[in-house]
Structure formats: structure tokens, C-alpha cells
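Structures incoming, each one as C-alpha cells.
Next come two complexes built around chain A: one with chain B, the other with chain C.
Moving on to the complex of A and B:
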């Protein structure tokens, strides 16, 4: 636990220590806006008649929160190995590398959620978004969503542990692909049936739909509408358990392989 | 004396695409006792960093076995890690945005230390290295020497039993080097179960700190003994440099005859004063008394005399056949 909290602290310092606290708070509020703006223009201006703005905006917001965890975990490997040159010292400590990664990403997640909270304060009234939050579902969903993203992030970190040159394109492609497939931006039911079927099994889909319902208080499209909110929660919990366990196994395997190959302290001056 | 580290027939091969496999270690064996500072000396690419990485559980061996405090580094690395610390020189590791104090506290937490204990140790060691006043400075504002001192404190705060020092004074100024060496020497004497493995390019550093050194080259241990033993093995004769008020060739011949076979005398001149300077290579140290008597008999008065001791570098040169070079470490898995 001490290691987890210390990792969270590092994460917070890395995120916030580059400027004055008030500038950082401003940045915290402004940073996610870029992600939402395209959605607001797409559905709020051009696609106003579709009525999909709440669906797409909430979807994008919560996908954004997961992507922060996912990206942070993946890039921490390179950051610590190449930039800070601390990866070997973290590996040699009593804290497991998985715990360290989870701690750093947890901070990123909380920061992302804080950014979302700040922005919802103006998005909801300005855009007349449906807002009838179920706090219990929101909190449970937020926790399980973190585990889903952490599982995927750990899996990606295991790949990066065995990669000595940073390949941003791979993460970008994965991020983009999952964004479309998870139904964050478009209801998958609007596309051919096979696409909707695939989207149902994307690990992030049930989380995003759960959070949409938890915050808006209603089912916004037919995507996953056959499932009750409790069923969705169960599905997210199952995804979280499976993905986190898988990610943990993969990062252990990646660590051992990196130890075998001598990649833990390798620097390439990328 | 109890064994702290045991290295048995260690090999490590790096397979790199497009090139032949690189044999970084070819059967390295040695052991380190409690209370010992053990030096690994060798030119770049000799295998010393590879050896230290394997001992510190950062790298797996291709074959062979290493135990630290009785635990196998390959299978029981989770039990080895809390007992060791690694400090590498010549790097700029650390979170630049953290202060010195934050950085050290953070690593103490990774070892599960109680915060009050950690803070007390951080203060103790920061005072020892003379950096207590810099505790609130950000890491990225420190000089190389200061960063290396923080790196040393990071390694010591967690109270390890074994300290791996990989070129700890590389790129560090003289003052910081002296401080680091003093701390290491004091640290290992504080508790009987402690030991240090040191790799260094600086022969004087190894000579000063190490109770034993292993000279490694091309992945093989060429020698493993106390520095004094290595120097003695290099040349058992006693060497003297003697400046005299006068001495000519004829007088030298007579003295050579008196001294007998095996004692070599070479006459030259002092570069500064131009006085006659005699280089004496004697079979036994006690022969110096006979030599001084013989010189006096020839009417030559001593102006200056000193005994020439072989250095660890001489021993190293004899075994490795070259000085340390600034070539790249060839054992890197990336190159």
C-alpha cells in the first residue's frame, strides 16, 4: 500500500509540478475540452437532429477517462526507463512493478475524473444534457472502469517492457480503434449487425454504457439496451476481473522476459 | 567469515540480430564475504557491469548460479531485492520534478519503510553527504556530483545488506568522490552483515577501498586477490630511486660487483637537478643497506631516496595488456 501511495504521489507530481498550482488547475479544466469539442460540433451543430449529443458526449468523456489510465501505464515504462532512468530502481524495490504502474495510473484517472467533473458543471446546463446521476452506480462504475483500463494498460506495459524503441503509432491505433469499436462516439447499432456484435464484446463498451446511464438516468440508445443497469454492472465487474488478472499475468511475464533480455535498464536516448 | 555472495561458473550470452552472439561472461566464479568491499576491475566490455546486473537481479544469467545472502538471484529474486541496493554512476536518474527529500522519501516507501524512520535516515545521510541544506531543491537543479550523492543516499536509506556500486564516482568531482568513498568505507564497517561490490575505472579507488579485487577481461576472471597481493605478485623485487651528489660509470661497476647477481643498478640523471640518479632493482628489501654502504664506500653521498611501489594499475596492465579505454560497453543489448 505504501508503494501504491508513493506511486500515486509520483504520478501527481509529474502531472502537476511543472507549474504553479492555479495554472495547473486551469489546465486540469481546459485539457479535456479538446476531446469534447469535436463531439459538440459534430452532434450539437451538424447532427443536432440525431439527438445523439448526450450519448456521444458522455461516451467520449468516459472513454477519455479510461484512455488516460491506458496511456499512462503504457508510457510510464518508457518514461521511467529512458527519461527518468528509475525503472531499474523501481524493479529492485519491494514494491511490485504492477503496483507501481497502478498507483501512477490511479492518479491520472483521478485527475481525468476531476477534469470531467469540472467540465460537466458547464456542459450540462449549456448543452441541456440529461443529468440524473445515480452516485452508487457512478462510483462503482468508476472503480471498475479503472480496473478495466488498468488491465489493458498492464497488458500494453508488458509489450512496452519488451520494446526498446517507443512506438507511439501502435498505441494511437489501438486507442482509435477501441474508441470507435466501444461505441463511445457512435451507437454501434447504427452500423451493420456484425459491427454491433463486436462492439458488445469490446471491454470498454459496458463500462461506457453503464456510466452513461448512471449519469443521465436513462437509456440513451438501443445499444446494450437489452441489459439492465445491474446486469451492465455485473458485466463490467466481470470484464474488470478478467482484464486485470490478465494484465497482471502479462506484466509479470513481460518483466521476467525483460529481465532475461536485459531490457530493464536499457536506454536508447529516444 | 560468512559468505554474502557466491558466484559460480556464471555465463551470459547476448544474442543480437545480424551479429554473432556476444559472450559477455564465460564462466565467472568468486565469492564475497560479510564485511568485505570487493572490487571488480576490467576495461569496458569486460563483463563487470553484466556481472553486477545479474547479482542485482536486473539480468538473468545464461548459465551458472549466483546467491545473495543464500538466496538464488534467478529463482528467489523477490527475497534478494529487499536486501540489496544498486547505485550506478554516470547517469542522471531521478524524477527531476521532485525535491531531493521527496525523491528519497518516495523510494523509502517503495521499500515499505515507516515514514518517521525513513525521514530520520534521510536526514542522517543527507547530513553525512553535506546535502541537508539542499533537501528542498528539485533534482533537476542539482550538479552531477550532488545527484550522485543523492543516488548514494537513496541506496543507503533502505538499510541494505549488500550494496552494488557500479562506477559510483564516474563523472564526479574530487570532493564528491572523497565523500562517497569515505561513506562507503564507514557504512560497510557499521554492521557485520554488510558487504559492497564495487566496479570502478579508478585503480586508486579500488586500491583504497577494496579488501579484494577480481580483474576481469573478455568475461573471464584473470585474478582474484587482495590489491597488495596482486602488486606483490607483479614483482617481488624491491625498487628504489636514489639521487646522489656524484657517481660515475666506474664506481657503478664496482658497486654492481659488490651487490652481486640479480640486483640491477641503472645510472641516469635527475631531470631537474641533473644530479646522478640510480635506479636500483634489488632481490631483497634488506639489500638496500648493503647498497647504501657500497655507495658510501665510493664516496657518493645520498641527496634523496624513495622506494618505488608497484601500483594496482601496473598489475592490471600486466594482466589485461592495456589501460582502461573509453570505448562503448559492448555488452549492451541494444547495440
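Moving on to the complex of A and C:
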């Protein structure tokens, strides 16, 4: 736990100590805007009659929160090894690498959630979004969502540990593919039947739908509407358990192999 | 003497462009991942438009946006932030003690960046046309090519302006690029016609060369495109003007920021 908290502190420093505190707070509030600006414009111009704005907006911002964890974990391997050249010191410390990654990403997740919270303060009244939060589901969903994203992030981190020149574009591509399929921006019923079916099994889909219901207080489309909120929570918990366990195993394996192969302190300057 | 300087400039340009073009081809995963990333973004917006029930011509607009977006990404991450990365890797001091001019490095970076991005963008365009059965008119292809080249000139000029600013700054420059990336993509009309932004926002967005460049390309290549910002001829003139202004600012900014960075001892300052 001590190592986890210390890693969270390191994460906070990396995220915030590049500028003055007040500038960072503005940055924290402004950063998520990029994730939903297109949604507001497109649904504002073309989609007013569809009534899908709350679906797309909530979906996008909650996907954004997961992507921060996912991307941060994968990128930190590259960042610590190539840029700051501190990966070897992290391996020398008494904290396991998995704990370090989880701690850093937890800070990134909390920062993303704070940014979302700040933006919802104006988005809800201005866009008349349905807002009847069920705090218990929101808290449970947020925690389980972190585990889902951390599981995927740890798996990606293990790949980055074992490859020297792999670019973070790979994470972007994977993240982009999952974004299309997860139904964050539009109901996957728009897809051909096969992809619509696959979309139900994308690990992010039940999390996003759970959070949509938990914050809006209603079922917004037919996507996953045959599942009750408790069932959705159960599915997110199952995904979280499987993915986090898998990610943990993979990152432990990746760490050992990277040490054996001498990849911990390799710099390529690509 | 002038001939010698020109030769040095061209050799530096060639050397930097070579690394950018061939270095980026050495890892197949980089090319595949960036093409896939662009393709998925395009797919997202095409299906979004289908959900919203807009006309099929919007698929063509998105595919063209998907074609231009990698160039903007390259300008932002491959040119604007490059001097910051060179500084972090310890290469900047070597570049500055060499007789080669810094501006030649940046122009070489831009030329090389544009060429290697072209392959990725063409791949995204190909998949867009093949998968989504998008149709373009080729009647004005030479004019579209001219608009495209002028847009690149203007975009990379803007990239060099930013690179001089980012030379002085540290991690804040990287954070700023990260912050503006997605809003700039949205405002430049990569995913929808820029005219929908309204007059005020389009006026601001027009400072990003992609906005008018994309609008002009859509007028020339998508037959049913009617929601233009201005006539493409005006847009071409504005883009030429923007390119010249950016080139002038870039040349001045590079000199003054380099001097300021030397004076404040920030050229070798890493991890700040």
C-alpha cells in the first residue's frame, strides 16, 4: 500500500509539476473538452431530433476516463525507459513494477474523473442532460472501470516492456478500435449484425452503459437494454476480475523477461 | 560564400528528411498502427453520420478529413514539438554546435515528415474508398493537388512557428500540444464541414491551414458538397498568404527564440 501511494504521488508530480498550480487546475478542466467537443457540435447540428446527445456525451466522457488509464500505463514504460531513463531505478526499488504502474495510473484516473466532474457542472444545465445519479452505482462502477482499464493497460505495458521500438500509435489504434466497437459515441446497432453482437462483448461496453444509467437515471437506448443495472454491474465486475488478473500475470512475465533480455535500460532515441 | 551556405542548407535538409522518411519505414508496426488508428477514427465518424441519418456525401467528407488528419498530427508531433524532443534526447546541443542552420533541420523535418505521412494518408484514403464505397470526382484533380500542396506548405510553416516557441519551453510545450490536439482537429472541420461552426468560430479556425485546405479539397473532390466556407479560389489565396506569413514569422521567431534560449541557458535543460 505504501508503494502504491508513493507511486500515486509520483504520478501526481509528473502530471502537475510542469507549471503553476492554478494553471494546472485550468488545464485539468480544459483537457477533457477535446474528448466531447465533436460530440456537442455533431449532435447539436445533425442529431437534435435523435435525442442521442446524452447517450453519446456520457459515453464519450466515461470512455475518456478509461483511456487515460490505459494510455498512461502503456506510455509510462516508454516514458520512464527512454525519456526520463528511470525505469531501472523503479525496478531496483522495493515496490513491484505492477504496483508502480497501478499507482501512477490511479492518479491519472482520479485527475480524469475530476476533469469530468468539473465539466459536468456546466454541461448538465446548459445541454439539459438527464442527471439523476445513483452514487452507489457510480462509485462501484468507477472503481471497477479502473480495474478493467488497468488490466488492459498492464497487458499493453507488458508488450511495451518486451519491445524496444514499438510506438504508442499501437495503443492509439487499439484504443480507436475499442472506441468504435464499445458504443461510446453511437449505439452499435448501427453496425452490421456481427459487429453489433461483438460490441456487446467489448470489455468497455458494459462499463460505459452502467455509468450512463448510473448518472442519468435511465436507459437511454436499446443497446444492452435487456440487462438490468445489477446485471451490468456483475458483468463489469467479471470483466474487471478477469482482465486485471490477466494484466497482472502478463506484466509480471514481461518484467522478468525484460530483465533477462536487458531491455530495462535500453534507449533507442527513436 | 552564398553558394556554400545554400549547399549546406540543402545538404542539411536532405540529411534530416532522409532520416524522417526512411527511419519511419524501418518499423512496419509504426506504419500499420498509424494507418489503423486513422482508419478507426474515420470509421467512427462514418457510422456516427449513419446513426444521425445524414446523407451519404458525409462519408466522403470524413474520408477526406481522415486523409488530412495525419498531416496535422505530423505537424504537431513531428515538427512543432521536435526541438523539444531533440533537447530531451541531448541531440539539440550537437545540432547547434554544428555549422548547419537550425532552419534547414526544420525544413528537412517538414519535407521528410510530409513525405512519410503521405504513405499513411494514402493508405487511409484507399481503405476509406474501398470499405465505405466513397466516390470522388477526378475532374479537378490537378487543382486539388495544387490546393493540397499549398495547404501542406502553410501547415508546415505553422509547425515551424510552433517549434521555435516549443524550443524555449519544456514539458509545458508538450502538455500544450496534447491539450490543443483534439480541439484543433475538431475546429478545423476534419469530421464535418467547417461552416457549421458559425462565422465567428470559422474565422478563428481559418488560422489553422487545415480548415480552408480541407474545405477547398471538398469543393473540388466531392460533387455534392455545397456547405462551403468560401469559394476554393479565395481559400487558395488565403492559404498562400498564411503560408508566407508563417514562413516569415517562423524565420524571425527561430532566430529570436534561439537567442533567448541561449541567453537563459535553456538549450541543454532537460526534464523540466
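Heads up, the rule we're going with is that the second predicted complex is superposed on the first by the 268 of 270 C-alpha atoms of A that agree within 3 Å, B and C clash if a C-alpha of one lies under 4 Å from a C-alpha of the other, contacts with A are read in each partner's own complex, and residues count from 1 in each chain.
Methods note: contacts are C-beta pairs under 8 Å (C-beta built on N, C-alpha and C of every residue); 3 or more make two chains touch, one makes a residue touch a chain.
Here the structure is a predicted model, which means the values were calculated and not measured.
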Chain B and chain C placed together on chain A: clash or fit? fit
Q) In the superposed arrangement, does A:18 touch chain B (first), chain C (second), both or neither? A) both
*asked:* Between chain B and chain C, whom does A:187 touch in the aligned arrangement: first, second, both, or neither?
replied: second
Return first, second, both or neither, reflecting whether A:6 touches chain B, chain C, both chains, or no partner chain. first
TODO: Using the touch definition from the top, say if A:95 reaches chain B (first), chain C (second), both or neither.
DONE: first
*What is the contact status of A:249 with respect to chain B (first) and chain C (second): first, second, both, or neither?*
neither
| query | If you stack the two complexes on chain A, which partner ends up touching A:162: first (chain B), second (chain C), both, or neither? | reply | neither
May I ask you to decide whether A:129 touches chain B, chain C, both, or neither, giving the answer as first, second, both or neither? neither
Point to revise | Contacts of A:84 with chain B and chain C, given as first, second, both or neither | key: both
Expressed to the nearest 10°, the angle that the Cα centres of chain B and chain C make at the Cα centre of chain A is 80
Just to be sure I read the superposition right, which of the two partners does A:27 touch: chain B = first, chain C = second, or both, or neither?
second
Overlaying both structures gives a minimum C-alpha distance between chain B and chain C, in Å, of 5
Dual-contact residues of chain A (chain B, chain C) 18, 84
Residue set of chain C touching chain A in the complex reads 23, 27, 29-30, 32-34, 36-37, 40-41, 43-44, 47-54, 88-89, 91, 170-172, 175, 178-179, 181-183, 186, 191-192, 196-197, 271-272
Within their complex, chain B touches chain A through residues 14, 53, 56-60, 77, 81-82, 84-86, 88, 91-98, 102, 105-107, 109-113, 154, 158, 332-334
Note: in the complex, chain A contacts chain B through residues 2-3, 5-6, 9-10, 13-14, 17-18, 84-86, 88-95, 100, 164, 259-268
In the complex, the residues of chain A that touch chain C are 18-19, 27, 30-31, 33-35, 37-38, 41-43, 45-47, 50, 52, 83-84, 165-167, 169-170, 172-173, 176-177, 179-180, 185-187, 190-191, 269-270
